[in-house]
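See the structures that follow.
Next come two complexes, and both contain chain A; in the first it sits with chain B, in the second with chain C.
== the complex of A and B ==
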């Protein structure tokens, strides 16, 4: 390690804190808006530190919906103006949970085969999966919109869940493959020699060893589904909407409901923050589709 | 040993669900899109009509498409470069155990989990001409007058959008580079120190070459996402003012769903797809990225 002087260490500490403070500022400011009354949001100069906090925005977005029956479906009112977001949070949760479960299950099976079995064209297969990650969402959303219209999947949970699962598959498959690659192949091979079947080895020996990897993959899939915008925007109409898409309807012709939007946005970030903290150990590996290990 | 069709010894059995999903949601839509690009919706007859190569001819003569392509390329170049350079600088800065640096690295991960559409809203608010914080700062510093709205002025709108992207994804680069920096072997640095190499020389001759694989992967993944960017422009400017912030993704989406030009929208999205595939695969080949 390079020995540094005391003064250079102090400079480094100060610069580091300043840079991160600049990055944290938009989040902080968004949070203050969530707790501000309308007139304080529109203040010039903008109120950054001193304002009288209120939970009115949260009450408007969630208060009414606290006693709301999540089971019944409530339609999205066109043109905004409806700030009860309970049903929209529910939509987001259903879609994120089910698409994650689907993507991780498919990816675990495929990842095992890609990591453990030798077959012709394996390299090409990985390239195909990777190239799916390159497809621009519009190039998928446009044809899928018309196909969904024909087979009545437009504006349904199933339709969005399937497309979110697809969107996460390249990440999930490559990531699961890299977690399987971490486990020595000799374990499988010796069990095979002992006469155990592939499926038994997978279920009883290998699967328990990649649990951590599976939960890391699941968290990333959940977050990408939770934050996805274009597919939900295109493939839903009035039946359901996730939080990011419904936020954009807060911009109405009579003005933007910044306070409500910030309250909803802030609340929607909380589950994602918590989840990402849980998998910090595998975060970089996940973000790089399994190719950079920490 | 007898192999049944559904025997677990066959790799295909394990990958069947994946293949089914990929065929259903990438191969079939791709062919549907190609089919669509040779048709156009006729509003008065309320049906799709075969138009031959018309959409493809239109594509190459469409001034707006060339503008959108240029905007996309410019956005791609600037955002990727800034995120790469800034990301590396911040990673080098935070690669130490000074007071609270662990907390700082954690704080940086937070930007990554905010929905990009909501980041767009955040920056819409921050750059608002009436009460935005950034407007206030720039106005006070005399850089940009309050009477010039950042997102409603042709010359500044795209920069306003870029700022949201850079804010959200520079930490992505920082985290990846930090992981890369931490896995570097100490020996070359000890040798460099004995030789009295300057920090700049050490970075250029040792850190960069050893980090090249990590950098290539980060640039590839970020590059793909930057090129197909949609959320920020859709939320912040919808392509405006005028056509100054139209990206290829937004332009094809709007042609399809706002202007009911289904065939032309499909053609534009295919064109976007082809460009991404060419650039990304060229990069993978040149940088020798392996999975």
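== the complex of A and C ==
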């Protein structure tokens, strides 16, 4: 074990906590805004620790009454104040979950094929997959809009789920390919000699070994879909909207509802947080441990 | 149990030809070792037998049937890989029974055969563990068990012992050979370790650069190497080489090198005047004050059972093995003698053995 001097240990601790603070403080401040009254938000100097918390912002955003009242008075909200963001949060969840599932399923199959099967032009195919990632989304937004209009996918869950999955696929495929590449080929070969078919090998042997990789890919896809703005903005009208897009409705002609916006943002963190918590237990190293002698 | 025949087999990876026109017959139930330095094509040949590599030229027959285009899973072979290739997410029990499960055998039969194999391989207590919870030797035995439960026609081993420590390797050598003797299964075993080859094989096939250099029993290869390469590859400590020429001294053939004359067996007289290399195995010489080979002792290595003298004979190194009781001070000149039958004479230019 490396013996550290006391001073270097202190420096490391201080630097570590400073970095944490730099990243965590804006998040904390955003959360406090969500629990603040309208005028308290603009207090100077800002009240970081002591303020009178309220759930009013959440009540307004979701059009519900949480039943506890901190004795605050009703005020007139910007833009009339009828936000009703509950269904929008639901839209976000549906789109993120299904587009992630779709992207990860396709990427897993494609990644296996690209890693294990020999076919003409495989390397070109990989390069092509990667190249689609380099295309700026804005370049396809308008053509996709017209295509969607013609095939009636505009303003539908299916449409947004498809485009989100599509945007995620290149990275997901390459990621999954690299996870499959990490599994020694001998394992497939051994199963092949044991009499197993390709599909059986994939399902019984290889798939359980890339669970961690699938989880990592799923997290990336989910976060992308959760925060995606451009396609939801262009491809939806009134039927559905995700959180990033509707956040802009808090900016109204009569003012910006900062408290409500913060409340929605805070609420939007929860599903993403739950998803990542569910998936992260699979994000463990060493799934291939013990299979082959390194 | 089956025969394996290779008929003019060739293999190229793009422009690189790794196996050339190779023919070999493996008898039913025999234990054949493909031996050679790394890159000689032995593993490729094994993988072609398993169906994991395509066959570029010629044909491979298993039990008389051409298998060139037969899928690995239909060849009915069992293979043990160098890195074991266990299925990490399955328990030992399921690892061993996987091939039976694939073959849709009944649960009871799978269980019974897995237990049997586990008993033979001393794995009974480990059946419910995952491969990650096993030691190297145990993993190796699981890999063997996976091959054993199948009634495969041919067993293929790809350097299965190279990842084990020396003691375990020696132990597993015996176990594999015993297993073969019990199952009487046709076995092709790839290794670069000549000790493994010598101890286990019925027949050794020594390969070099994609060609078979010599095939035969371990004794054949040791006693009658057909070229310098084989002589050098087989046997530890390595064979000594002296260069010189054959002379005929009144009908008696002699090997002459730098003033040393060593008598040769009859028949070499016909090759008088030829430049040759004489191979002498370190174990074939004995300390003899009247001996013809004289060298200055550089270092004496004690190996326990005996002692290895490293000598300097006119600038070239010569190793001789002597009983442990032999004592000689470093720097001293020691003389050795040997019987003429134990001398291997190779042509200096081609390296081929000169037969008489």
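The rule we apply is simple: the second predicted complex is superposed on the first by the 243 of 294 C-alpha atoms of A that agree within 3 Å, B and C clash if a C-alpha of one lies under 4 Å from a C-alpha of the other, contacts with A are read in each partner's own complex, and residues count from 1 in each chain.
The rule is short, and it goes like this: a contact is a pair of C-beta atoms (placed from the backbone, for glycine too) under 8 Å apart; a residue touches a chain by one contact, two chains touch by 3 or more.
Predicted model only: the values in this text are computed from it and were never measured.
Colleague: For A:184 in the superposed arrangement: first (chain B), second (chain C), both or neither?
Modeller: In the superposed model, A:184 contacts chain C only, not chain B.
Colleague: Using the superposition on chain A described above, determine whether A:267 touches chain B (first), chain C (second), both, or neither.
Modeller: So A:267 meets neither chain B nor chain C here.
Colleague: A:93 contacts which: chain B (first), chain C (second), both, neither?
Modeller: Touch partners of A:93: none, neither chain B nor chain C.
Colleague: Which partner does A:31 contact after superposing on A: first (chain B), second (chain C), both, neither?
Modeller: Neither partner.
Colleague: Now for A:20: first (chain B), second (chain C), both, or neither, which partner does it touch?
Modeller: Only chain B; A:20 stays clear of chain C.
Colleague: Just chain B (first), just chain C (second), both, or neither: which does A:101 touch?
Modeller: In the superposition, A:101 touches no partner, neither chain B nor chain C.
Colleague: Per the overlay, which chain contacts more chain A residues, chain B or chain C?
Modeller: B
Colleague: With both complexes superposed on chain A, which partner does A:166 reach: first (chain B), second (chain C), both or neither?
Modeller: first
Colleague: Regarding the shared-chain residue A:197, is it in contact with chain B (first), chain C (second), both, or neither?
Modeller: both
Colleague: Would you mind listing the overlap between the chain B footprint and the chain C footprint on chain A?
Modeller: The answer is residues 197, 287-294 of chain A.
Colleague: If you look only at chain A, which of its residues touch chain C in the complex?
Modeller: Touching chain C: residues 184, 186-187, 189-197, 200, 204-205, 208-209, 286-294 of chain A.
Colleague: Going by the contact rule at the top, pick out the chain B residues touching chain A in the complex.
Modeller: So the residues of chain B in touch with chain A come to 8-9, 11-12, 14-15, 17-18, 21-22, 25-26, 28-30, 32-33, 36, 90, 93-94, 96, 98-101, 104, 106-119, 121-126, 130-133, 136, 167, 170-172, 175-176, 178-180, 182-183, 186, 189, 193, 199, 214, 217-218, 221, 224, 227-228, 230-231, 234-235, 248-249, 252-253, 256-257, 262, 265-266, 269-270, 272-273, 276-277, 280-281, 289-291.
Colleague: Taking the touch rule as given, give the residues of chain C at its contact with chain A in the complex, in rising order.
Modeller: 50-52, 72-73, 75, 77-79, 81-90, 98-99, 102-103, 130-134, 136, 139, 146, 150, 163
Colleague: Could you please specify the touching residues of chain A with respect to chain B in the complex?
Modeller: It comes out as residues 1-2, 9, 12-13, 15-17, 19-20, 23-24, 26-27, 29-30, 33, 41-46, 48, 105-107, 109-110, 112-114, 117, 119, 122, 125-126, 128-147, 162-163, 165-166, 169, 173-174, 197-199, 202, 223, 226-230, 233-234, 243-245, 247-248, 250, 256, 258, 261-262, 265, 268-269, 272-273, 275-277, 280, 283-284, 287-294.
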